[in-house]
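Presented below are the structures under discussion, each in the form of structure tokens.
In the two complexes below, chain A is the common chain; its partner is chain B in one and chain C in the other.
This part shows the complex of A and B:
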């Protein structure tokens, strides 16, 4: 046998360098996992049917006349946009993380020389191609029905939309890390997240377009982070935002990404010190 | 290589009685108990040493291993592995160590072990040629060539454990923390696993700290043992010396050509077991040569062997005596 001892490597590639090198493999393995879990994965995706329910309701309401700026066609494009953006940007990190903290399986991730947040990001990003495949019919219908309004046929809005999708993914991911990491301290991390989810449903544009909310709720939605997780990319996609408004919203969204990213990393750092998972 | 000084680790544990009333009361007022898992523990392990880490259930072994692996922060004391402080989890430290826990696994459940190996190769930044060679070598040694491409969930516990070991050693760690690595394996597989660990230790000069409830693992692998009880060090030294100290009697096995009266055997020492063909006696070390001479002269002996008392008995006696001592102390204090 020709194995020989390899000394520990001082000056080893930095953590970020290692992440960049490892990411393609992590993504490939993640895709293999998604394929292995394809049945559960599809069922989970199909549970995201609320936008279609809301579409049916608002479509019926708008039959007698438009609601604000929303006629039947606008509701159709909006909720198909919600479905597409929601499926592309959501993930299940909070459930995974709180479970791994509570049952101690996080240990295996902590023992690897790559930060678990990077590993979780790769894990969840690898689900995006499969999700894109699943939502492609909805996107095709959206493009057919709302082609004349789509991104206002503006190249800048196309770029803003792509950046807003990345921003929404990161904002949701960091929020979930933040909420999941609460399991280091409290047993009811998922309960706290459910509360968050309730407010999110109203103020993110998931159930009702922000524009159709009462004035006070609209004001709150424009200031709080929820809209930037869903409503903003959808509004940009279906042509509800001017270039000026979209750029301002993008700046606010990435501001929230920075704040939630820092908060998630901070809570994680403190939380790991509390990690006990003792016994076997 | 490993330097532990005055290590203590305490946990704050929520405690409540069973029942709805207690559950409701705990909503308003929670009671916590401080559990001392490890107390003022000190030991050092040199490069290439194989050390058994023994103690009864709940003694603090796994907690200590987790502190050494950087998973837990010590409450007080200092711990160093190589030149690293484990809980800082420097990537170079994580590259240096591995922790194998028989009851936990890192293999991806629905994918073949080969996918976990590919992932670890990327995470540990191991050159492909080196990783392929390591996997090939380890797979050959553990005889698992036909398993690495089957989904992990379809493997037996023993098969999973072997595949787990390859994943844990792929980056060729220099410090092995092994927590019950042979749990659930059959006897021949336990023996193979022990050979494999010894082989790895000798090839790479890796330090090994092993906990196991199978004393055969400890006897076969660890010339030195560190014994803890209730989180405190009670012995650190040579395994045979521990056996001699706790059980100074030798175990003498006599194979007999015809049955012998029990009274005859009792003249020689304490009878552990006896039947028509074989008798096992416990004999004080100081009287051994006299007893052997007497036995050879008086009994129809076909074969005679002398061994230390089995380690299971030594440990049972050691912890049994300590438990008894603790009970007496608590009775004396009311």
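This part shows the complex of A and C:
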């Protein structure tokens, strides 16, 4: 094969037209994959049981009076919200990427006429509808229990919440790409990811509502990106945020999306140049 | 007796191999140690937050709950350091068909696969667990009696047997359904609940965590034994139940192995 026959490596921004055309097909492939491996899919969903365990614990704690302004009902809506937002926005790009880089299967994907980041995005977006279906009972309970405070019955907050979900998905996706792409340079990319997971569990509001954290941790949580991946959409949903605070948080979140998006694409670009799998 | 000596020798060899492998990757060793310390902190934060607002929760005071957390940390070290790595390797063997080579070796297959891989950096967790024990009991101001320690140790043995048995059951499942590696994540995520005393759970969760996935036996009862709050009858019933569990797991493994027909079929 002559060199001319090899298509030019797709760029991240240069071939948007092709991406738009291919995306529906990629999504369809993803959905049928989810349906084919439905048992595995369900087991993955069940691994996210920590919010329910924490809910049980806070229920026991709040049995004899509210904690701060969280009573038992507020804890129920909060942790069901955490469960829903977490399942809608989480993905496993880090494992996928670091493995494909290490065992060289990434080379084949680089030859495809679509940038691997878009392919990964389609792969993980296509799991969202099924996940939404599985968690709909939890969302129904949340709406029933927390109706009087849900989104504060404010149209603006509804829009903010939807935008914050999209933002959270993108933010998580880009950080995962960023950390996965570190496998281009270092061997223990998954070790770094595990450190990140530990900090995330505390500062994102996953284990404990950010309000209940000690003062210094709350300050850190408000500045660092973790809260914008999980805690912020949940707080908006269950009515813990005023319109003013929510709009500010949304701005910060999308700022982080821009920063992490640029960083992910940049590290990827340098990494691919650096990358030489076996035989390539 | 000769058989026992042979297996002791085999165990020593397997252990030495694991240690050598671990020492090959020294930088990794340090990173993993740091991660272990971080996760210990992550484990403690919710407990600290909860007891920051209440003096006692569901009949457990702060230092008493710390005893449960210490048991949890100790068992997690055993699970992630000695049980999980080996058995995850079995799942890989089954998927690739390389289990054949293990089965051909002239020793018990369950023994061989269970001792294949040990990750020594989890010793950090063991040290952490003891630090939490010491802190908790010094806060309580009363140290466990010899009898309590004895019962506690018996429960440690039992807990390891139960963890191992559940794992063997999960791995046996890999002979029927190949994609089982996420079952191990499910197992790990359920085990995380063991850091809390069983009494904080109500209703269905309490039943599940006592009988189906017995975290009560893993951490709550051992902690009660150390604290001298466990009566003899419950202790004996728990021990008997745990041993029965292990016997069932061994039988299931034998059945599953009989079904194994290598990768191509």
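Just so it is clear, the second predicted complex is superposed on the first by the 264 of 280 C-alpha atoms of A that agree within 3 Å, B and C clash if a C-alpha of one lies under 4 Å from a C-alpha of the other, contacts with A are read in each partner's own complex, and residues count from 1 in each chain.
To be clear about the criterion, a contact is a pair of C-beta atoms (placed from the backbone, for glycine too) under 8 Å apart; a residue touches a chain by one contact, two chains touch by 3 or more.
If you're wondering where the values come from, they're calculated on a predicted model, not measured in any experiment.
Trainee: One more residue to check, A:201. First (chain B), second (chain C), both or neither?
Mentor: Once the two structures are laid over each other on A, A:201 reaches chain C alone.
Trainee: Using the superposition on chain A described above, determine whether A:105 touches chain B (first), chain C (second), both, or neither.
Mentor: In the superposition, A:105 contacts chain B only.
Trainee: Per the contact definition in the header, classify A:133: touching chain B only (first), chain C only (second), both, or neither.
Mentor: neither
Trainee: So, A:37: does it touch chain B (first), chain C (second), both, or neither?
Mentor: The answer is both, since A:37 touches chain B and chain C.
Trainee: Classify the contacts of A:251 with the two partner chains as first (chain B alone), second (chain C alone), both, or neither.
Mentor: In the superposition, A:251 contacts neither chain B nor chain C.
Trainee: So, does A:275 touch the first partner chain B, the second partner chain C, both, or neither?
Mentor: First partner only.
Trainee: Determine where on chain A the residues touched by chain B overlap those touched by chain C, and list them.
Mentor: 37
Trainee: Quick one: which bits of chain A touch chain C in the complex? Just the residue numbers, please.
Mentor: For this pair, the touching residues of chain A are 37, 39-40, 43-44, 46-50, 52-54, 56-61, 67-68, 187-188, 191, 194-195, 198-199, 201-202, 207-208, 212-214.
Trainee: Under the stated contact criterion, what part of chain B meets chain A in this complex?
Mentor: 11, 37, 62-63, 66, 69-73, 82, 87, 89, 91-92, 94-99, 101, 103-106, 108, 110-111, 115, 118-125, 130, 133-134, 137, 151, 172, 174, 179, 203-205
Trainee: Chain B touches which residues of chain A in the complex?
Mentor: 1-3, 5-6, 8-10, 12-13, 15, 18, 21-22, 24-26, 28-29, 32-33, 36-37, 104-105, 107-108, 110-114, 119, 273, 275-280
Trainee: Which bits of chain C are touching chain A when the two form their complex?
Mentor: Result: residues 27-28, 31-32, 34-35, 38-39, 41-42, 45-46, 49-50, 52-54, 57-58, 177, 179, 182-183, 185-186, 188-190, 192-193, 196, 200-202, 205 of chain C touch chain A.
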